[in-house]
């Protein structure tokens, strides 16, 4: 029994180290054996064993003595996305919404209390920003985006409150809502209107509108958003027009999700 | 020293098991502890430690007692793609080529002797096939596609020959080239013409045209392809028109890649 | 006489088994001899005789040792539909209504106390849901749809009450009417307005409006409905506009039915 | 063993009688007990047992002493259709082709050496003929239609020849091909052109064009046809234009079928 505990503990530590290496290689855009050993505070021989094994199992490639994450992560990432009901039922609607509005459209969900943009469609006015690419490769807090606030607004108040307490309300711009009371008033308004607005709260000069996607009348499984330069979201009527389109797309996805479940 | 070897050996085995678990969870679309233990022929307690650690490090989510790969793989996959020069310089050209032709366009490269479709753009006639989604989540042999043959044609003959000897020429349809001599004649023609054609060699009724993307005059770093129903690739002039467009896109990407390198 | 009884009893049992086999083959999407024997708890030789006879009489096809229902059922099904007065008089009106509204339109009737969608027309906004296909291949309760409630509302109260007592009011969504008193109030309103509304009572996010088709002033022989995402049924005026169109179609079909009867 | 044989023989006979009753009820558009007894040459009590059992199992309804086939056949027919790969992959293409051409479009396949129209789409010029409805409720020989000839043309010669020998070449109009040699010349031409033409061979004044749907390079799994009044098929260029559209639709369906198989 002691032995089992010990070996389990080893497992934990070794697997944790492997996942740390993956993290380090993504942060450094690749690294050699000694850099990895140093960063993880492990022996060079241990770092070498890890890297060699991850290379052998095709999770890494090696170029000029540097190890990098391989396309196996792309394959697993696409696998995860292709298996998401929200993606399967939402992709074409997101494409259509991008065509109609000309802007960026995101399918968004929450996983482990983090906001995840699982798909991005680009309309004809959607410029090619590096920042948008980064949004697909990392999670983000819920309070800074229309997508996130649309999801927050569908949570039971207790859950939303505990989420905010745990993660805080970090300011991204001067417009980011950093006051809990103000945020709850906003969530109330979102529930009333049926959509959320990001008024330059993440990026100055950049706005968004999002509608929650709810399979039942309770917590949303995600949201769909339209984002673009603030000039396109200037008046109430601009916003309402886009919001109508986003809500219709959300409704179409909701129906597709519910009919798929019923047809199984 | 002996101790080090022993611990390294442990590392290897434990990390290998972790990667096996990731593979198994993707094959089974999620699994519980006992299924994982059975599939890997390890103890339930060991499977539990692995799964708990991978869950703790956010590589897995747990739903109703089943573990699934998390969106962390999507993030790492997008990171790998965003760091690819071919993707950075090729994405917009791929989008344009899909707009022009109305078909599927793929950016393709080779990693560890396997063909990888790193990006897919869809034109207005591109139907939503599940098979196309799967192409983004797994590697494929080089000899069955226009993309792959375009890359093969730029390899030194010895390398191409050894690749084929190692991986064989599995038939996908009656048109798949399964004879080494015939394939080398085809590669020769591809070099002369500057583009490769897939004449229903992967899917009956489905064709493609691909142009290699070469930063120097030697081995291509990838290719760009246009694929659609065979009716659109019926005549020599149909094929040549698409080929011209693909070769122009490949040229644009090549220049972008080379200028980027010089600007660093 | 005893012999007759005995042979009648045999007949009953054998024919019942044959119909059970048809049911089992549709549930399992085909099956082999031993599976059928097991499912029906009959001998393999008996299962074989049944299957061979149903195959011989063209009700089954055999592929790789598995028996499947043949297209003879499609022929008999189309025969039954083509012989329905409601279908003959309602089809073109249903097509027109789908064209006008852009949504799904169903011709609906009751048989053996079950709701039957005998025809479906699709407008240009009607997405291709598997669930909609399934609605054509199985019966459904009357209380979950606008179509069903429109028919229920025309039944004498005693009949409606006994129908509900026998079949219950199973909830499909939170909006399904599961209270008898509430349902009777609703039926009263349907009679006053002349049409029934399904307010996300079958599928969350999906609504419908239906008008009864009555050849005389008593119990309807069926109904015609328009169904689509709830966004299109948002306001009272949206609903009334569609209801007007459905009631007009129902009137056209009613007249056609009554004139046909007179012309015989 | 003797007992088994005896009981099997009973089974065969009883099930055969049940299927005969279904056939008789469809031919007579319903019948009473004594008519059924007379037609099948069985005792009234036996007829009654059969009818009562088929009624009990919901395959029949009873109205004013007459038994009729119930909508259960429609449900089973729709089930069979919904489970057909050709229907699932071909329906939307058939709808599109009907929209484009304005005519009748049929998805057609062969089962037990009989031609089956599994789906019909109607364009805006498609008049509502009873004869077209009947085409959906019964099989037809292969030599009288463009659909059938398109399928025949893909069979190995021996198979086509034996089919014709067995089923003959019954004339429907003066244009029906009733000569074996002439038919084989026609099949040869169909293979060369890639499509079949029905030149008033089934109905005087009515023409059609069909393209075979082949998942592999051998025998077609079906065909797709466009049919309308001969005035619309007057010139070679009229025919070729429709044929191009039919062949494109067949190609799209072929690709969808093949990609679906690969994605499984």
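In order of appearance the chains are A, B, C and D, and numbering begins at 1 in each one.
Just so we're on the same page, contacts are C-beta pairs under 8 Å (C-beta built on N, C-alpha and C of every residue); 3 or more make two chains touch, one makes a residue touch a chain.
Keep in mind the model is a prediction, meaning the values are calculated, not measured.
Hopping across touching chains, the smallest step count from chain A to chain D is 2. Following the contact convention of this document, no chain is adjacent to both chain A and chain B.
Where chain B touches chain D, the two copies mostly use different residue numbers: shared numbers make up under half of all numbers in play.
With each centre defined as the average position of its C-alpha atoms, the distance from chain C to chain D rounds to 24 Å. Each chain gets one centre point, the mean of its Cα atoms, and the points for chain B and chain C are 47 Å apart. Centre to centre, using the average C-alpha position, chain A and chain C are separated by 43 Å. Counting only residues that touch two or more partner chains, chain B has 133-134. If you sketch which chains touch which, the chains form one closed loop in which each chain touches exactly two neighbours.
Here, these are the chain pairs in contact: A-B, A-C, B-D, C-D. Against chain A, the residues of chain B that register as touching in their complex are 4, 7-8, 10-12, 14-16, 18-19, 22, 26, 29, 43, 45-46, 48-50, 52-54, 56-59, 61, 68-71, 73-83, 91-92, 109, 111-112, 116, 118, 128, 133-134, 136-139. The touching residues of chain D, counted against chain B in their complex, run 214-217, 247-248, 251-252, 254-256, 258-260, 262-263. For chain C in complex with chain A, the residues that touch the partner chain are 127, 129-134, 173-174, 203-206, 229-231.
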